[in-house]
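In what follows, structures are represented as structure tokens.
You will see chain A twice below: alongside chain B first, and alongside chain C after that.
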Partner chain A sequence: MSSLNLNEDQQDCLQEIINVAMGQASDQLARYLDTFVYLKVPSIEQVSAQSLSMTLNPSEQAVAVVSQGFFGYEGIRGEALLMYQPKDSDRLADLLGYEPDELSVEEQIIDLSSILTTTFLNVFASQIDNQMSYSAPRLLASSKTSVSQHVEQQAFNWDLALKVKITYQVTDYSFNCDMILLIPESAIINIKTVIDRILEEY
Partner chain B sequence: MSSSVLVCDDSNMARKQVLRSLPEALSQSAQIATNGEEALGILKSQKIDVLFLDLTMPVLDGLGVLQGIQDANITVNVFVISADIQPEMQNKVLELGANAFLRKPVQKDVLDQQLQKHGLL
Partner chain C sequence: MAVIDFCATISDKLNTGVLVVDLNFEIVEWNRFLQVHANKAPKEVIGQSIFAIFPELPQKWFARKLSSVVQLRTQNFCSWEQRHHLFELPHTRQITTDSHFMAQNCTFLPIESDEGQVTHICILIEDATDVCHYQTKLGKTLEELALANRIDGLTQIFNRKHWEECLDKEFSRARRYDHELALIMFDLDHFKLINDNYGHQCGDLVLIKISELVQSLLRHCDLFGRYGGEEFAIILPETDLVGAKDVAMRIRQAIDETVIKFHNENIRISASVGVTTIDAKDKRYEDMINNADVALYRAKDAGRNMVCTANELEECFS
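Here is the complex of A and B:
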């Protein structure tokens, strides 16, 4: 059925590449906020376009979401979603140490999201001998409906995707941020080819 | 006499990365552990000279292993190899007695340099 299924070695290799990227993104975040980021093991799963919006935010709580597309060579592309709970976005100004009128909360969230997304994906890309470019980050209106709508609009031309979820947990401030990467089936086939090339070297 | 080596990482690929970066004299007889508990078991039952240790692992993580080594008074050279490169984490593992912190993916020349520095080559 689906070409997404990774064998054990491919899954292990992808996981290790993601771990390295996550480590460097966390390091950026830790330096930016002058704090420590607790790392959890990322989850990697296959989702269908229909079920995606349901799996994204099971709680009914409103969230702030920043969306940014990424494009590499060899058809590798996808969409990164950075998701914040309302209490987290309220904390951001304190965390970032901005003066009240310096930047709006929205701009701060976009700033932070873009740092995380580009650091993660640049490190990810360099490990698979690729290079990413990015669309401008967009803040989606903070309601569950609009996130679902946005995701569905992105999802129109694919049925299956690999969903990678990474949670950045800033313990000092009890601040959480979820990074969700959606990589469509066509791009995963290309990533698999690269992974097989890496695995052959071992 | 050659040193006895233990490589502890839950990822098969990461273990292979370490093994193939080691000089042959060390990699040949190297043992492996896939989580911290396994590693501690081996460390307690036999003499290991050099441990290469990941941090983020199931069952018992790398910090737990370092703590266990201290608690059991085990003498072993530990090189932590991790993707969690935050300065605070690097300081923490050094405080817990690791010889050095190396970032993933590990590079052969960095590994050689560290082994040399600690008189293990």
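Here is the complex of A and C:
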């Protein structure tokens, strides 16, 4: 087992922190968006740089991917990818509380991504006594081919990353999207340090 | 010695607009960047509604955007890529760029009281005019490159690579929906003699003029390309053998009748034409090219300046 792998206790602890953060985030989002937001139990796994494009979307056809970097104290940093399916974008403006002609579909997707990412990560950060800053969200790609092309064309400077995938469901708007947090190997050690400290305090 | 207020000093030296509003959209902070670019002193704007100072702001959108910052206590963004600018400010490259207002990246930050309540919103306004300008230029260049990649430099019709990609697509489509598809290939007769007798400039002129002539005889949906040297190819979607033969005969006749002036010479040329339509036996689009090519060489063998079909009848027409 590589030193980058989380052991069972660490994995459980991270899962628990994420569960609590998801609960609070979905509550905040529900109040802001005025509809129920379900967050499905996350999957946590290690991915290699080579397998990233495969693991991102094996079967589904993502049409849009928005990336946003996050960084906090103690070297906790990573990148959040929000992935959308074709049918999901129809009623976004409505969901966000904008008039459809006030903003383009791209802007709606980016706006929602930023809200979902920062709301979740803010709560997550407060769970581990941290505080996050964010880079501006960017639309990486807006079609299936360009998504995988984009990922495949990157010369990554990391070999392994910790991948946390959370699915958001807004049933009133029959809307789904996946949030994928990728934490590069240099930051995994830092996450483990934080988790170990929390485990000790129990 | 007076204590320096670093934050205020730096805020006034930043090349970024720093604007703070309270929850009633009243301006409470206004740094030098804004003073200079909006040409308004702090005393003119402090206490005023942001909508009075910037009437161009989309009011409902802006209010909703800020409400996400207040309610979710999180930052929000607005990029020039989706919204060129929020605030109508002039930029610093007015001579060398063509945009009217400063392209902006805006960040909305919640400012919380000690009790954790958001009391103000800080708006950072970054000048993205340079990025916007170069990105736009890059986009235009990529478009030009993509076009150049499809076009034959001499004749300005599709080059072989792009033409074959089109045939590949049309072939799959016709197969999938069981539609008609026809292919015409033609070759200019004794073209080498024109190069030998009048020089390559004359040969080039003939290729250009014949391409223009044939293009003018085609429908908008037909795809015309230069297959190689003096060989040309036309994809005719939704066209049966009768229709394709009709087009082929008109092309043969038009080329035969045309006279190209080169210096004081009247140049005449003819073409041999092969026609085929999609057949159940064709497995790949290359099979259609092959069939049209066979018909074309039959037209050559039959004495040139003729149209031959590759289908069962294998007729020739002059």
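Just so we're on the same page, the second predicted complex is superposed on the first by the 189 of 202 C-alpha atoms of A that agree within 3 Å, B and C clash if a C-alpha of one lies under 4 Å from a C-alpha of the other, contacts with A are read in each partner's own complex, and residues count from 1 in each chain.
FYI, a residue touches a chain if its C-beta (ideal position, glycine included) is under 8 Å from a C-beta of that chain, and two chains touch if they have at least 3 such contacts.
Values in this document were obtained by computation on a predicted structure and should not be read as measured data.
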After the chain A overlay, clash or fit between chain B and chain C? fit
Thinking of the overlay built on chain A, is A:Leu4 touched by chain B (first), by chain C (second), by both, or by neither? neither
By the touch definition at the top of the document, which applies to A:Gln24: first (chain B), second (chain C), both, or neither? first
Could you say whether A:Leu140 touches chain B, chain C, both of them, or neither, answering first, second, both or neither? neither
Just to be sure I read the superposition right, which of the two partners does A:Ile44 touch: chain B = first, chain C = second, or both, or neither? neither
Return, as a multiple of 10 degrees, the angle whose vertex is the Cα centre of chain A and whose sides reach the Cα centres of chain B and chain C. 150
Pick one for A:Asn122: touches chain B only (first), chain C only (second), both, or neither. second
With the two structures laid over each other on chain A, which partner does A:Tyr202 touch: chain B (first), chain C (second), both, or neither? first
Where chain B and chain C come nearest after superposition, their Cα distance in Å: 13
Does any part of chain A touch chain B in one structure and chain C in the other, and if so which residues? 31
Inside the complex, what are the residues of chain A that reach chain C? 28-29, 31-32, 96-99, 102-104, 106-107, 110-111, 114-115, 118-119, 122, 134, 136-139
Could you list, by residue number, the parts of chain A that touch chain B in their complex? 9, 12-13, 15-16, 19-20, 22-24, 26-27, 30-31, 36-37, 39, 41, 127, 199, 202
Which of the residues in chain C come into contact with chain A in the complex? 58, 60-61, 64-65, 67-68, 71-77, 79, 81-83, 105, 107
Mind pulling up the chain B residues that touch chain A in the complex? 11-14, 16-17, 20, 56, 58, 82-89, 103-105
